[in-house]
Structures are given as structure tokens and as C-alpha cells.
Amino acid sequence: METLFIEFFQNTGFALCDYRNIIMIFIGIIFIYLGIAKHYEPLLLVPIGFGMLMGNIPVFQGLGLGIYEDNSVLHYLYFGVTQGIYPPLIFLGIGAMTDFSTLLARPVLMLLGAAAQTGIFITFLGALALGFAPNEAASIGIIGGADGPTAIFLTAKLAPKLIGPIAVAAYSYMALVPVIQPPIMKLLTTRKERLIKMEELRKVSKKEKIIFPIISFLLCCFLAPAALPLLGMLCFGNLLKEAVVTERLAIAARTSIIDSVTILLGMTVGASTQGNVFLTTESIRIFILGALSFGIATACGLLFAKIMNLFLKEKINPLLGAAGVSAVPDSARVVQVVGQQEDPTNFLLMHAMAPNISGVIGSAVAAGVLWSFMS
Amino acid sequence: METLFIEFFQNTGFALCDYRNIIMIFIGIIFIYLGIAKHYEPLLLVPIGFGMLMGNIPVFQGLGLGIYEDNSVLHYLYFGVTQGIYPPLIFLGIGAMTDFSTLLARPVLMLLGAAAQTGIFITFLGALALGFAPNEAASIGIIGGADGPTAIFLTAKLAPKLIGPIAVAAYSYMALVPVIQPPIMKLLTTRKERLIKMEELRKVSKKEKIIFPIISFLLCCFLAPAALPLLGMLCFGNLLKEAVVTERLAIAARTSIIDSVTILLGMTVGASTQGNVFLTTESIRIFILGALSFGIATACGLLFAKIMNLFLKEKINPLLGAAGVSAVPDSARVVQVVGQQEDPTNFLLMHAMAPNISGVIGSAVAAGVLWSFMS
Amino acid sequence: METLFIEFFQNTGFALCDYRNIIMIFIGIIFIYLGIAKHYEPLLLVPIGFGMLMGNIPVFQGLGLGIYEDNSVLHYLYFGVTQGIYPPLIFLGIGAMTDFSTLLARPVLMLLGAAAQTGIFITFLGALALGFAPNEAASIGIIGGADGPTAIFLTAKLAPKLIGPIAVAAYSYMALVPVIQPPIMKLLTTRKERLIKMEELRKVSKKEKIIFPIISFLLCCFLAPAALPLLGMLCFGNLLKEAVVTERLAIAARTSIIDSVTILLGMTVGASTQGNVFLTTESIRIFILGALSFGIATACGLLFAKIMNLFLKEKINPLLGAAGVSAVPDSARVVQVVGQQEDPTNFLLMHAMAPNISGVIGSAVAAGVLWSFMS
Amino acid sequence: MYGLQAILENNGWAISAVGITIVFTGLVLLSIFISQLHKFLDLWENKKEIKKIFKKEKTKSIKRISVLFTETHKDTAQKIYLIVQTMEKSFSLSKLLWLAKTRGLERPHSNLNNLLKAGIIMPDNKGYYIWNMDMFKKIIRT
Amino acid sequence: MYGLQAILENNGWAISAVGITIVFTGLVLLSIFISQLHKFLDLWENKKEIKKIFKKEKTKSIKRISVLFTETHKDTAQKIYLIVQTMEKSFSLSKLLWLAKTRGLERPHSNLNNLLKAGIIMPDNKGYYIWNMDMFKKIIRT
Amino acid sequence: MYGLQAILENNGWAISAVGITIVFTGLVLLSIFISQLHKFLDLWENKKEIKKIFKKEKTKSIKRISVLFTETHKDTAQKIYLIVQTMEKSFSLSKLLWLAKTRGLERPHSNLNNLLKAGIIMPDNKGYYIWNMDMFKKIIRT
């Protein structure tokens, strides 16, 4: 019986524990804390954080417990991540809950959503320069797209080994948008620019809203066919929403489907960060590049807005450019907050939704382009 | 960089595009239009229509984008169609939302649901005569069952290659029930017959409703065991509904489960209609036979009702026979409408639900029989 | 045509039928009856009962109808059982609907939940003595854990062939808790003991509730890593609930996810009881041992409570010990009922929830321990 | 192969004939069964009903009348009702007891007990209790 | 390999340039399309509207006035409205007919028929009917 | 193999003993931890509370009083409140501003600004704003 006790003890987490597991568990708890106490993207940080705990319980190999073991429950649930199935399903739900009205009312603001994607490609170049292979560099660059599902999808297709660090980096920075963006926004704009008010948006008709997902899907996917899974589902979800007659399907998409998938995606992405796999110098470089990518994307959006103002009769508030990174809807809210710091009667939120959402489309297209070039 | 541009352009949809893709995209838009603007089965036509767009974006092979490529997202979601998993899940939901009261109150009307299935077998013979192989002929015949999930299920088991055209034909004709059926109904019935009023239905007790799904499942599946997956789930769903104590499971079945599966089934069935696979003379023949099948099924139901009237003391309105094709609940509504064109105070809807629902059971049994004979 | 008729008839359930199928169908109907008419765990007994009907329709082999055939729909749905995927998902939902307040308010009552698990190990010894292999004996012992998902999970990992009988035994006895437990409770306690009143529970703060799932997960899984899939999901679900900011995920977990999985798990477990596989002397022995296991677990809980009273200043009502078996929340209700038979003003329900829920944690740990020893 | 030959070769006539026969057999049997079902159930119900009238009704009424409510009891019951009105529809007995104590009702235990026995407070089978207004009116407010 | 060399070697500049160009092309095209869309839709709508004014409006109004309501009819309509108020928003015509019969209304069939023709009772396209209050006020309560 | 021999052979006693020990260890540790948890949390809370009393409360009250409301201001605030009542609970500031302009309020920008600074209009953190009734009563309706 003694031998059994000893044998058992040797298989407990206390005996098997690696310092890296402890670090990751600690990070997981921080994620949970930020989600719950600070309300930073709780729907993502809490599942990822708890997933980190689950993935870093030290387990003996062979029983089928770890996420990287073939027959474990976590492995089955992780399948949707590695095969890129979850991200399109999440996009389906996002489509079914997003109102594209502001974008339809002021289409010129879409360009800001395009400009911010420059960050993706600049980071891609940086990652190449740091010695990453092209497929890895592309996956790192997409962090600047500020769109979790897109980042996971592209990484699953191009560099599956990096899913853990890239997903965690992407979601961390998305959660930290209220911390990262304001200084850059204030640095690159003058007070006078930040005070610019936007004119009221026109009312958009139902027909425009129905036609939009169809056209934008066809146009973008003819241009970049590899954006099909993400953009297709985004537009499909939006069509289900706007068609009204398919309301019950839209409800399913934006409740049970997206919520179930968010739980599974968050948890398994978190669990994929096993200490020994995750805590590498590579991950650290990814985190640094990711932060840069985010910053550059924000800067590109802001600067492009200023360039646009050189040509536009009716000036736009360059703060809106920062919303082009996506990170829906946090970066749009940051624009609102920063704008109101100068003038509390300036309401930029609705206008910021336009670059914000077009940033989602933009990064999906960028992901499609990178995917098709890399494989 | 020029070469890259050219290379990229050669991989865009504009360069890869085939005229058949354009035709299919056009058809997809028509489907969406019919669903949204005309309210023809929008829960099916909109997903199928958008699926057609997704399936006909011209993509380069090898990247894993097309539904017929092994590792594509669409392929994984299509798995539920090819393995016949989605249709039983949809039947679970239908069972959980269907009230069998009228059928229990007037069981004799079930015979009309049986009669309409004759269309399946006549079309089967016609397809054989046109040179289709028996398994294909059976799959084509089932279009006359006017039941999408049943048609998809049987085709998945017998002739997986035809899933696209058969599913699209089945759903198209189901959507077009209000167009196809009325002329046949008016042709085969006299005004006097159409004026027949049905007596009030008796009230059905809770116990009858609970016992019904159990008995009808056991009886039909002992007779035709291959109807098990479809009928089993239909009756299971209905039991969950009628048992009341399992209400929360019934709710899941008739909301999140059926809606999620409807989205995935509709979209992937639509996406399976890639122009080069779909636009064949075979598909055209399937469409013609499908229309015939539908018409014959309607006629069989009507004529059998007239035959029944020769024997019944209390005559039934032969229009009810047209509801025997299934296409729940559209064909029952058509009966109501055509009946009211003669006499606005004649209310046939509730009575038409009986043959309508028994038509679902009938085609599931027919599918079981055909499946067991063909394999 | 005659030959075809005969051939067909030879393939109907009437011709293929085995007396064991009839027995199982009869048992299935009893399950449904107990669920609907007697309200014994209807959410489990109705799906399992109907699943028994589905699994015992006599089918010809080779077509892909039976649950044990590779390509059947039932087989695909059964995959979640055999791979142990459904039980953790159910635990996710249970976590998201359970309030651990009482347990936090009176942690000493957790020991009763530990004590009742002794039944598992005593039955394990009994099963060994009766000649079962260790892996089978462990699966049989877990019936005493009175926790369906845990029993199915462990059996799927250790002795997949026994899933049917063990799951049915576990759920049967859980449903029969109001019949099995009261006599044992009355036998092992004095009237004076049953009259003991418990003091009011203190109010538990939100922070405690949020920290609890994290700590209990880490602590138990460091101790018994193999409890990871079950405990991880239970605590994850509970965290989603208590975090409030993740309410929409908790709703998904405790509605669409748990309900969908319950439908599929119940039905396929029921369908796995094909007469020829299920009706063996082995199954009968499992049922007898299962009943014993349940009884012993109840007795252990009761007796341990009496032992605790020897040391505690403030005595606890030993009836609470019976709730330690889990069978949430039925056995807690039984405690309430038996307590009120002596004194209608004695309210034990809330107090009984503490051992009840800790019994769930206890059996998950026990399952983890057994799993790691057996493989 | 085309036409009638194809049908013959593939056993088409037989399959169709057998097929439609089976569909009809199934639905005819089912319709016959259903048409008899409610008659059978009616018989069964009546049997039970008759039994009930003779047996259960009696015991039930006896059981309930066995709790005697003095005027003091009724008065307390009214007070408890006022408390219950401040609570949710499904209330916890222990909370009610505590509230009753707090408000200084006399012998709350015994009074609640009486209400339970009389069926005025009834378990909702979910661990909570509900107030049976009908019974309350019948017994107390007479 | 590091630095600029790595970028060059992996065709980095070209990929980035092409990539960002495509993203811009897509969104620019889309934004141009959208900005024109509502103008196009307005035109289309107006075309229809104009047609409607000349065609449908006329036929519609004619169609409705074609049902003449005598005072007796109006009286019955009022009574039917009272019945409808006791029913759910979407009601079954057969049930309404039955209720009307039960309450002894004269010629319920013909009266219901008139209400249907006048558009006071309208199908809800789900097999049930709703009461068009506006039409009722316009025609009956004048 | 049966009986005690089977148990011995399969290491049954040891497995059971170890097993039940671990279950107990787990739950005992957990129960000890829980029983200490709320004490620990209380300490932590109190620490914060004490700090708060000395620091934040002051700054907060100062910050709020810094907005001075003249009678004219208060009057406008009352009018704005009437507008807010016609809107949803969470309202858009830009819409409120527009409504205020439409109804001819004087200097709506500056007035709204004051209400924001005074915390009478508060962001709901979802991009919309809510009306803080308590603050409104405290500052305006005094």
C-alpha cells in the first residue's frame, strides 16, 4: 500500500509540477481577474484564463488528459480550433448581431478600416526581419488585425504550432485596447483635430441593409477567395439578421451558436498554453511584435484619416482612424472616450463603428491574401 | 512584385470564374429573393441561396476552401449532410414543435398522407425508365415526398453525388407549393367537392398525445426498420414535447438544435452546388422528374380522397388530399386558401394538418423501404 | 414480387425480433412511464427510455442502422459517449446552474460528501470478489457515486463495453433515490437525531463564490489530475455563472449546451442497451452490485455524520449524510422529506445541498483516482 | 438501358408495389390503432375515477379536517398570510419561520405545522413552498 | 536569416505591397458601391411608387367600397367585434364562426364573409386571422 | 478468480484505502481553505474600505461640487430631465443634444456638459448614457 501511495503521489500535480505551469496558472488567474474585475473582454479572458488553468494542471502522459494527447476530451474540443472551424462560426454570430448601418451611411469611413490593416503587413515585414519563417511572420502580423477569430483561423492554417501564443497575444491586446490606444491617439492628433464634430448620419433603408452582406461578400471574395470562410459566415449571419424572415436562425447564430463556440474556443485556446510549450523566447518575441503591430495599426488608421482630411471638404475626426483596427467594439468606445475628454458633447461612437466594422472585413481580406500567398 | 500581382490576379475569382459559377450565383440570389421578398420557406431558401454564393466563389484548388476539399471548413460542416446526421436532428426539432392533435382526432385522414406517397414510387419508375440507376432513381423519387430532410437523408445513403441537385429540387418545389398545387387541385376536383365542409374535430387528451409517438414509432419501425433514424427522432422529439416534464429538452430541440442544424444544412447544401458539378443535364432531368413527382403526389392524394368518398358516409373534402404530400405546413395552407376561394367560411387548415403530418411519416417509411431495397 | 414481399417481410422487425428486444422495449416503456407519470428524473429517464426503444427495434445488420454499426447516425451521436465528451459538457452546464453558497457557508458538511464515496470503493472490492476484472470493478463501484455523467465518463475510459448496463443502473438508482434511501436513513438514525435542527447559514459574499471554483479546481486536480475533464468543466461552468460578466456564456452552458447534450447522451445510452448485448447475467450482477453500492454509500454518509457528532460541539443532523451520495438534488430532497416526517418545521434542504454538491466533487475525484490506477 | 426494360431489369414494378403497400399498411394500422386508443383510455380513466370516488376522496377530506383551527389559530394564520404576501410565490419555509419569529408571532413552529398539515402551505416539489389560497379561504376565512 | 535580407529572400516587400493594395481595393470598391446603392434604390422605389399611385391604389379602394354595409350589417359587425375581443389577437375563423353561431347571430357565414371582403378581418398569413381595427373604424363606426 | 483472493491479487485493499484517503484529503483541504477564505476576504475588504474613507471619498465629493449650478442651470436641467423621460433608459447623448436643440433650450452643449461633469448624466459603459436620479435630486431639486 505504501508503494501505491508513493506511486500515486508521484502522479499528483504536486509531484509533476513544473515552474512553467505555475507561471501559466498565475497568468491564467490574472486573465480571469482582468476579465471579471476590470471588465476587459470578459467573454474571452475568463474562458481563456480558466483554460490556462486547465491546460497547466500537471498531468501524466498517456492517460489521455492533456490537450495534445490524441484521445483526450480537450483534444476533441480543440479540433474546432486546429481545423479553423470555430472562427467562422463565431463570425456567423458576429454577423447576426452587427448592425452595418453606420457603415452604409458613411461609406467613406471604410477606408480607415483598410488603412489600419497596414499594421498587419508592416509587422509581417518586422517578423521576417527578426528571422521568423514567412508563414509564422504572417500569423504574427495578423495580430495587428485586432481580431481574435481571424488571427486563430489564419494561424491554424499557416502555423498551427503558434496558435497558443498568437491567440493569447491577440486577445490580450484586444482586451488592453483602452490602455494601448489612447496615448498613441493623443500623440498623433492635435487638440483641434480631436474637437472635430461629425455630422448626423442619414437613415439607412432595410433594402440597403439586406443587399450589403450579399454584395460585400461577393466583391471581397471574388477579390480574395481565401477570405471565404470568414467573410462568408460574417455576411451570411448578417443576412439572416437583416432578412427578418429568418430571425429565428439569426437568434440561434447570435446566442446558442456563438456562445457555445466562444466557450469551447476560449477554453481550448487557453488550455493549449501548456507551460513547456508556451513559455519560450519565441512567444516573448511574438508578444513584443504583437504589441508593435497593434500600435502601428492604430497609428496607420490615425494618419490615414489625417491624409483623407487633406482631400475631403467635410473634415473627419482623425480619432476615428484608431477604430479601424477592429477590436469591436472596444476601440470604437476608446474613440468616444478620448473624443469626450476634449469635448464631452462630441459623440463619435456611432461614427467609429464604421471603421471598426470595416476593420473586421479588412483583416479577413488581409488574412485571405496572406493565406493564399503562404501556401 | 509585378509577377506577384499577376499571380495574385490569376487566383482571384475574376480570373478563375466560370460562366457556370455566375449562373449559380444568380440562382442563389433568386433563392434569397424568393425567401425574403416572397416569404417562400425563407428558413430554407435564404441559407441555401447564400450557400450557393459561397459554393460558387471561384477558388483555387488545394488551399482547402471548396466544400469538396478534405480539410476545408465547409467540408467539415458538410459532414452532417453526407453522413445523414442533420436530417434526423431536424426531425427531432420538428417532432418537438408539431402538434399531432388533428391527426389523433381524425385518424382516417392519415390515409391521404399514405396515398400521396404513391408519387414517390411512380417517379422512381419514371427515373428508371429514363435510364437512371436504381439508387439514383429512388433518390429522385423521394423528391415527391416533399420533405427536404428525408430527401437529403435518403440521397446521402444511396446516391451521395446527387445530394446537391436533389436537395435543391426538393426545397425549390416545397417553396413553390403555392404555385404548383392549386392548378392541379382545381383540375381534379369539382366545385361541389371543394365546397364540402368538415365537421369540428374532437378534443384530444394528453395521454393520447403521449402514447401516440411511442406507438407510431414502434409500429412503423417494426414494419420498416430503415425508417428508424428519421421516425425515431421525430417521435422522440414529439414525446419530449408532450411529456411536459421534459419541456426544457423539447425547447432545446425546437430552438437551438433545429435552428443551428438548419443553418448548417441549408448553407452546406447550397454550397454543394458548385457550377461545374451542378449544372449538368442530369440535374436538369432531376428537376423535371422532381416537378413531375410533386405533381403526381398531389394528384394521388386528391384522387384517393375522392375514392375514399365513395365509401365514407361523411364525405371528406378532397382538397385535403393535396396536403398529403407533406411540405409542412405550406401545402396545408394551400388547401385552406383554395378551399376559401370557393367559400370563405370553409376552414380546412386544421383538417389539412392531419394528412400533412402523416405525409411526413409516410415519406419517412417510404425512404426506409427504398433504402433497404437498394443496398 | 412475391419473393420481394417475403424478402421484405424477413427484414421487418416482426421477423427479426428477439424476445430480448421485447423485454428491453418493455423496460424502455417503464422508464418513460416512471419519468412522465412519477416524475422520477424525467430529463434522464425519458430520453434513456425512448433510446431503449430505438436501440431495440430489430434491424438487419449492414445497412448502418444499429448504434454499434460504424456509419450509423446513432453511432456518430454515440461518439460523445464512448469518448467521454458528453459528461464534461453536462458538468459544464451543472456548474453553470449550481449555487455553491451552502457549501461555502458550512464547509464542514463537505466531509459528508467525502464519506459517502466510501461506497464506491467498498463496491469496487465486492465486484472484484465476484470475479470482475479490476477495470470493470471500478466502473461498477462508481455507480455508488450516484452521478450519471461521472459513471459514464469513467466507464467509457475503463470498460466501454459496460457503458449500457452501468449507465442504466446509475440512472435507475438515481431516479429511485426517494425509494431506496428513506428505509436506510430511518434504520441508521434515532428519532432524536432526526429531530436535530441546523442553525441558519451565513450569507456568502460574491468574491467567495468567484474564488471557490478556481481554488477547488486547482486543489482537487493537483491532487487527482485525472479528475481534470469533469471537475475542470464543473468549476469552469460555475465560474462563468458567478462572474456575472460572463452571464451569456453561463446561460448557453446551462440551457442549449446541457439540454442538447442531455438529449443525445440519454438517447444513445438508451440505444446502447440492445437486448442481446444488455440482457446478460453480467448486467444482472451489475444491477445488484449497483443497488448495494447505493445503499452502502448512503449508510457511510449517515454513519460518518454520527461519528462527526462525537467531536462537534454543535451537532449536525445525521440525515444530511445521506445527501452525500450526490444524486443532485434528489437525495437532498429526500433528506428534507424524511426530516419533516419527524418535525415539519425542520428545514434541512439547504443544508443538505452542501454534502450533495460536495458528493459530486468527491465522486469526480474518486473517478479520477480509479482511472489513474486502472490504466 | 431505358424505358420499360430498365424498369423490369431493376425489379421496378415489384419494388414500387411492395413499397406503396408497406406505406399504406403502416399508416392504416396506425390509424386503426389511434381510432381505438381514446376509447380504451376512457375506459381506463373511468375505472380509476370510480375507484377514486370511493376511496381517496374520503381519506383526503378526513385527513384535512383532522387539523382543527381555533379562532386564535385562524388569527395567526391571517398574520402569516400577510407575511407570505411579502415573499415570492415560491417561498422558503425556514425564511417564513424566521420572519414569523421576528414579528413576534406566538408559537410560530406549531402554527406553521398546522398550516402544513391542513394543506394551506404546500410543497412545490422543488424544495420550496406555495400558499394554497383555495384551502386558505375554505378553512380560515370561513 | 535576419533583417532586410530575410525580407527580400521571402519576397516580403512584394507580398506586403500587394496585400495592402488588395485590402484597399476591396474596401474602396465596396465603399463606392455602397455610396451609390441608396440612390439606385431610391430610383427603383420611386418607379414603383409612381406606378402604384396610378394603378393599385385605385383598384384597392374600389375593391373595398364594393362591399356595402347596411345598418343591420354594421350592427352585426359590432357584435362580432365584441366576440373577437374575447379571443386572442390571432384568432381562428372557424372558432369565430362557431362562437357567432352559438350567440345566435343572424347569418354568421355571410356576415363574416362581408368582413373578410371588406378587409376588416384579415389573414395573418399563418393560417389565422386578425382584426383590422383601422378598417373597422373607417367602414363600420362611421 | 473470486473472493478475497481476487481482491488481494488485484491490489484491491490498497487501491480502496488510497482512493478514499485521497477523496478525503481533497475535500478536507478544500473545506479548511473555504472556512478561512471569508475571514481573509473580510480583512482585505476592510483594508480597502479604510483607505477609501480617507482618500477617495474626499476627492469624489470635491470633484462633484466643483460644478456650480445657478438657478438658470437648474431650470434647464429640469427641462432636460423632461426630455430624458421621453427617451429609453439608456439614451444616446447625441440624440439628447439634438432633442434639446430642437426644443430651443439655451446653450444645450454647455448645459449637457455640466450635467455630465456633475455626474447627473453618466455613461453606462456601453456607449450610452443613463440619468442618475439620486444625483439629480441631490444637486438640482434641493
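As written, the chain order gives the labels A, B, C, D, E and F, with residue 1 at the start of each chain.
The rule is short, and it goes like this: contacts are C-beta pairs under 8 Å (C-beta built on N, C-alpha and C of every residue); 3 or more make two chains touch, one makes a residue touch a chain.
Predicted model only: the values in this text are computed from it and were never measured.
J.: Hey, what chains does subunit B share as contacts with subunit F?
T.: A, C
J.: Using the touch definition from the top, what's the fewest steps needed to get from subunit A to subunit B?
T.: So the least number of steps between the two chains is 1.
J.: For the chain pairs A-E and C-D, which is connected through the larger number of C-beta pairs in contact?
T.: Top pair by contacting C-beta pairs is A-E.
J.: From the C-alpha centre of subunit B to that of subunit E, how far is it in Å?
T.: 27
J.: Between subunit E and subunit F, what is the gap in Å from one C-alpha centre to the other?
T.: 43
J.: Using mean CA coordinates as chain centres, what's the subunit A-subunit C distance in Å?
T.: The answer is 39 Å.
J.: How many angstrom lie between the CA centroids of subunit A and subunit D, rounded to a whole number?
T.: Those two chain centres are 51 Å apart.
J.: Return the residues of subunit D touching two or more other chains; collapse runs of consecutive numbers into ranges.
T.: 11, 13, 15, 18, 22
J.: Using the touch definition from the top, which residues of subunit A touch two or more other chains?
T.: Expected reply: 4, 8, 39, 223-224, 255-256, 369, 373.
J.: Pull out all the chain pairs that touch, please.
T.: Pairs satisfying the touch definition: A-B, A-C, A-E, A-F, B-C, B-D, B-E, C-D, C-F.
J.: Given the complex with subunit E, which residues does subunit A contribute to the contact?
T.: 103-104, 107-108, 110-111, 113-115, 117-118, 120-122, 124-125, 128-131, 134, 137, 204-205, 207-208, 211-212, 215-216, 219-220, 223-224, 358, 361-362, 365-366, 369-370, 373
J.: Using the touch definition from the top, list the residues of subunit C that touch subunit B in their complex.
T.: For subunit C paired with subunit B, touching residues are 4, 8, 11-14, 16-17, 25, 29, 32, 35-36, 39, 42-43, 46-47, 50, 53-54, 57-60, 62-65, 71-74, 76-77, 255-256, 259-260, 262-263, 267.
J.: Okay, in this complex, where on subunit E does subunit A touch?
T.: 1-4, 6-7, 10-13, 15-16, 18-20, 22-35, 37-38, 41
J.: In their shared complex, at which residues does subunit C touch subunit A?
T.: It is residues 83-85, 88, 92, 157, 210, 214, 217-218, 221-226, 228-229, 232, 235-236, 239-240, 243-246, 248-249, 251-253, 255-257, 369, 371-373, 375 of subunit C that touch subunit A.
J.: Applying the document's contact rule, which stretches of subunit E touch subunit B when the two form their complex?
T.: Checking each residue of subunit E against subunit B gives 11, 13-15, 17-18, 21-22, 92-94, 97-98, 109, 112-113, 116-117, 125, 127.
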